[in-house]
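Consider the two complexes below, in which subunit A is the common component and subunit B and subunit C are the respective partners.
Right after this comes the complex of A and B.
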């Protein structure tokens, strides 16, 4: 402790039980306080903290803004949390090289804002972009609505500087297009803090599109909305983003924001296209035709930049607004093949109905990335049942040939479900890759891999483990 | 000890999404979760569920004390967490468990007693004239020097009611506590602007301090006593609209309905009065629709008072009013709606944080190179003036109505 204080300053180290309470959560489900928290102010301080912890045999959990939804920042096994919140310099924006160099604690939206000043933009736009950090976005390989056209973080990270678990500082990738040797960057992106603490990131920027058009299409039910979405993708135009909102979500957005969406719509598609003027003109016509042909009762286009921004604000903050209906929720993140989507959606809704939960759907339909949200009240409804329903939902997605996570990561939330999609050999290979960075297993222990004991004392962990093992037949 | 006051419904509403973090002034200067809205709500929950005993935990109480109650977090929270009410309830809870600190008690005792405040102001004015104050400044301990720097300015002219012949409308004006004693001329400017619109300010005897400072500090009983007195006074006045030119007071008057909702005798009366309350900017934006306000060649920047922008959602109105003054140039400063650190007696209780917030605010102001800073709340006027003075700048700080009144005089 004394050592941490010497490195980071007294004001930036916490060890009292009451203080540690505020690091026992992220935006997900699991709760567990760390044994201490350090908030270093430079790469050198990060390295010194990691070295001190390594020498003392203490585990470390990296933390950005704590908006993660899969428990990646929850510290168990006596681990300390190292927060990157004070590392928030935009080191450089290089317009010519179309590149940004940033520290890990910079909020996503700050990169976009800085890039816009030189006519560029940063594509990954998770709904949490106002606060989630670039370090956290790399940690979870974050996506966002526009991942449909531009891909997730992994497509936009050029290089990484990282403090290794023993306290050394290493650099991977960089600005040249083709570096010799292994490219470790894609391995680090999405590693959820298990390989080291990222302290600097080189990001790819793109030129701002010449024209953007945003449509809102109204459907009488979810099914027709989903089919229209498939038709658009099949039609050959890849929208920049395509989001579906169901009736429950529409009601919530109307209550929370000034959006005035039709309250009795069964579902709504938010479709955006980007490109050169002559392209968008053609695409707009063809998309509108497809939407109407597939049952849209109304298609509107955003008349102004302000209207477009409002629609996106409502969409992006919509998840948090659901708390207006019920105080607790469980946000899922399954991916299914697009062709199976209408059927999976039906099954998911049937599960919710069987358990008696209200469900809200607001998700990246273009990617097949479902986000059903189960709404409940933890004071009156047992959490175990919620998790049981959730495991069933996950199973439906996997059975349809889907994946465990689209963008939120595995963390503590879904580690026990990994054997549902990976063989023992697959998992072993991944473990060996991790071990080559972290032979002592001190970086974010208990995450991603199933079967670990590090976080076994968290009640939600036990429940999920039982469910994962019990339901997989 | 379980908390009887904290609204667990409201606390439960927080889903820990963190979307409020970047809006929070204390998080912005520290980047610490302990000084963030999400962290504070979590600590309040821990108090409510008896995981933390506020009598024992100095650390938790400190983090809650460092909250400015500026409600910037509430304004951006998508899930509708009623942060402003929760922090007041938490403070009441803590005050019950631990007692209010002596400095705060003294400040609160004085503001609800107009004569005490008046006497203090007179003393200060005397000290100023005799040079005693300047002398004292040199020898006072830092804490008291701070008090001196932020003491309401003595010697501003008292409120002078304005006669209106054949008024088309009559309104009541909340005179308040500190405002009445120290910013009487802002009231006069308000009355003159209203007079131009043929609107008369009726006299409302018996009105007093709104009680906001007491509620923010956790002294609920006194806040309730003051609220009832005001409800009765404004009922008697019969005025259609009750105007406030202090954003903090206006916001609190509007919340009387909530404050007294548990009292069957007062709930309805409080709600009726609260529904007639308007901030002066809000009222003028409608009443003076289309009118222009003369001319004033000046370059200004506008600071959003927290209790106007976040608590009442009034941002466009003051800007629109300033936009109707010919020759006035409004240059937006960076982060105009981030708290300046004034917030009641925060200056005294959390000097370090207050100074850091003020430093950033003054930097943002100076970057716009203004002839004057405009805002709409006495606490902000005081704080900004002190900050500018400390940097050796003689840039005046004006209330919106003062700008309008000056412009009208030139017309």
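Right after this comes the complex of A and C.
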């Protein structure tokens, strides 16, 4: 503790039980306090903290804004949390190179705001972007609605400076592409803090599109909305974003924002296209035709930038608004091949109905990334049952040829489910990569990989293991 | 998939393999690598042997569905998908479609100890564990032999047009910078200089090539915008295949790179080269004396760039300071990866800095 205080300063180390309360959870529902929290103010301080922890045999959990939904920042096994809250500088915006260099604690939205001044933007836009940090976004390979056209974080991270688990500072990638040697950048993106602590990131910026058009298409039910979305993808035009909102979500957004969506709609597609005027004109015509042909009862376009921004604000803050219905929720993140979307949605909603949960669907339908939200009241309804329904939903996605997570990460939420998708050999290959960086296993123990004991005392851990084994095929 | 696991035609740096094995299934790859692992023999995985080695059949099958894998690696009649990923092949498509690895969503590979493993999946968005699929890119078969890839596809644009103009190299670089800075969605941008330009029929010093693609109206508008910057003419899209193949056709090729925001520390005057200025990358195509090469390499490395010898004789490589120059991955990490994925050093030993 004294060592941490010497490195970071007394004000930047927390260890009293009451101070640790705010560091024991993220946006998921697992909780566990760290043994201490250090908030270093520079790469050198991060390196010193990691070295000290490494020498003491103490585990480390890196943490950004704590908006993660899969428990990636929950500190188990006596770990200390290293927060990036003081590493918040935008180091450079290089307009000619279309590149930003930032520290990990910079909020996502700040990058686009800074880039806009030179006619550029940063594409990944997770719904949490006002709060979530670039470091955390790298950790989970965050996506967002516009990942449909532009891809997730991994498509936009050019270089990473990272403190290795032994305290050494290393750099991967950077300004020039394909540097000599193994390119570890895409391995580090999405590694959920298990390979080191990121201290600087080189990001790709893109030119602001000349024209943006946003459509709201109304459908009588979910099925027709899902079929229309599939028809658009099959048609060859890739929208910048394509989101589905179901009836429950529409009602919530109407209550929380001034969006005036048709309350009787069974589902709604929010479709955005970006490009040259000539491109958007062309694509708008074909998309509108496909929407109507596949059962849209109404297609409106946002009349102004203000109207478009309101729609996106409602979409991105919509998750929080769901608390109007029930105080707690379980927000899922699963991906299915796009062609399977309509049938999977039916099965997911049937599971929620069978368990008696109100379900809200508000998700990235364009890339098959489901976000079913099960709404419940933790004061009266047992968490185990919600988890059971959730495991069934995951199983449906996996059986359809999908993935356990598209953008939230595995963390300690889904690590025991990894054998549903990967063989022991596949997982061992991932362990070989981890061990190349962290042979002692001190970085974020208990995450991603199944079977470890580091987080065994988390209350939901037992339930997860039982559910994961029970549905093993 | 016809993977030749490495005869005189297979010689690398003058070294001839003792045996050439052709394999046609994952289980055959596993068997060959396991055997080599047990006997501690070296293996070099070869595809079409264009770079150390997309083929038309794939492109033809996709074109029927108006789809394509938007990665142009050169020599499309020979280059394989596996080799393109394993070599992180550069080329004209890098401007709009970025890295080949961004168009691969899943992989099956055989590691150095003969273990077959899968990564990724069939969906375009996936963070289920580590992204090993992308890690294999640019590893030149030194960590794993790729046996199956799941590709992400994109629709063929309605219209594609290539515009060209002959200029002196300095003007070509300046015009390319102007075009790129304008922020218009350009599909590909290249300058072919010196002998290489003449091989494409240019009389001048350099040939500036710009490709635009999209809906017909958008292409017309882009063409107008470009003609306001330079007077260029429509030359047909086939030229790109020749441009992409130039680095593979040459006996001596150096790949150089710098920060795309900076002025290249090399003016390319007097060089035979293909330059992708907006990507900060170029291929030098005519052998230069070793002291000059070392100077070029030093000046690039000082600016965070590099010069890699993709094709050169063994002696040249040795005297120039190696094929790769300064490694940019911490060597303990590179060594650890190599040791863990290929414990007995069976897969193309010595090919990558590790």
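Going forward, the second predicted complex is superposed on the first by the 473 of 473 C-alpha atoms of A that agree within 3 Å, B and C clash if a C-alpha of one lies under 4 Å from a C-alpha of the other, contacts with A are read in each partner's own complex, and residues count from 1 in each chain.
The criterion applied here is as follows: a contact is a pair of C-beta atoms (placed from the backbone, for glycine too) under 8 Å apart; a residue touches a chain by one contact, two chains touch by 3 or more.
Predicted, not measured: the structure shown is a model, and the values here were computed from it.
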{"item": "Subunit A residues touched - subunit C or subunit B, whichever exceeds", "value": "C"}
{"item": "Touched partner set for A:171, first subunit B, second subunit C, both or neither", "value": "second"}
{"item": "First (subunit B), second (subunit C), both or neither touched by A:34", "value": "neither"}
{"item": "Contacts of A:446 with subunit B and subunit C, given as first, second, both or neither", "value": "neither"}
{"item": "Which superposed partner A:318 touches (first subunit B, second subunit C, both, neither)", "value": "first"}
{"item": "First, second, both or neither for A:437, with subunit B first and subunit C second", "value": "second"}
{"item": "First, second, both or neither for A:72, with subunit B first and subunit C second", "value": "neither"}
{"item": "Doubly contacted subunit A residues - partners subunit C and subunit B", "value": "none"}
{"item": "In the complex, subunit A residues that touch subunit C", "value": "94-99, 119, 140-141, 143, 147, 151-152, 154-155, 164, 168, 170-184, 186-187, 189-191, 204, 207-208, 236-238, 275-279, 281-283, 335-337, 364, 367-369, 401-410, 414, 418, 421-423, 425-430, 432-437, 439, 448"}
{"item": "Touching residues on subunit C, where the partner in the complex is subunit A", "value": "66, 88, 90, 94, 98-99, 101-102, 111, 115-119, 121-132, 134-135, 137-139, 143, 154-155, 158, 181, 183-185, 214-215, 217-218, 220-222, 255, 257-262, 279-281, 304-306, 308, 324-330, 333-334, 336-337, 340-341, 352-354"}
{"item": "Subunit A-facing residues of subunit B, complex", "value": "9, 12-19, 21-22, 30-34, 36, 38-39, 42-43, 46, 51-52, 57, 59-60, 63, 77-81"}
{"item": "Residues on subunit A engaged by subunit B in the complex (per definition of touch)", "value": "11-12, 14, 16, 18-19, 21-27, 39, 65-67, 83, 85-86, 88, 105, 107, 128, 130-132, 256, 317-324, 327-329, 377-379"}
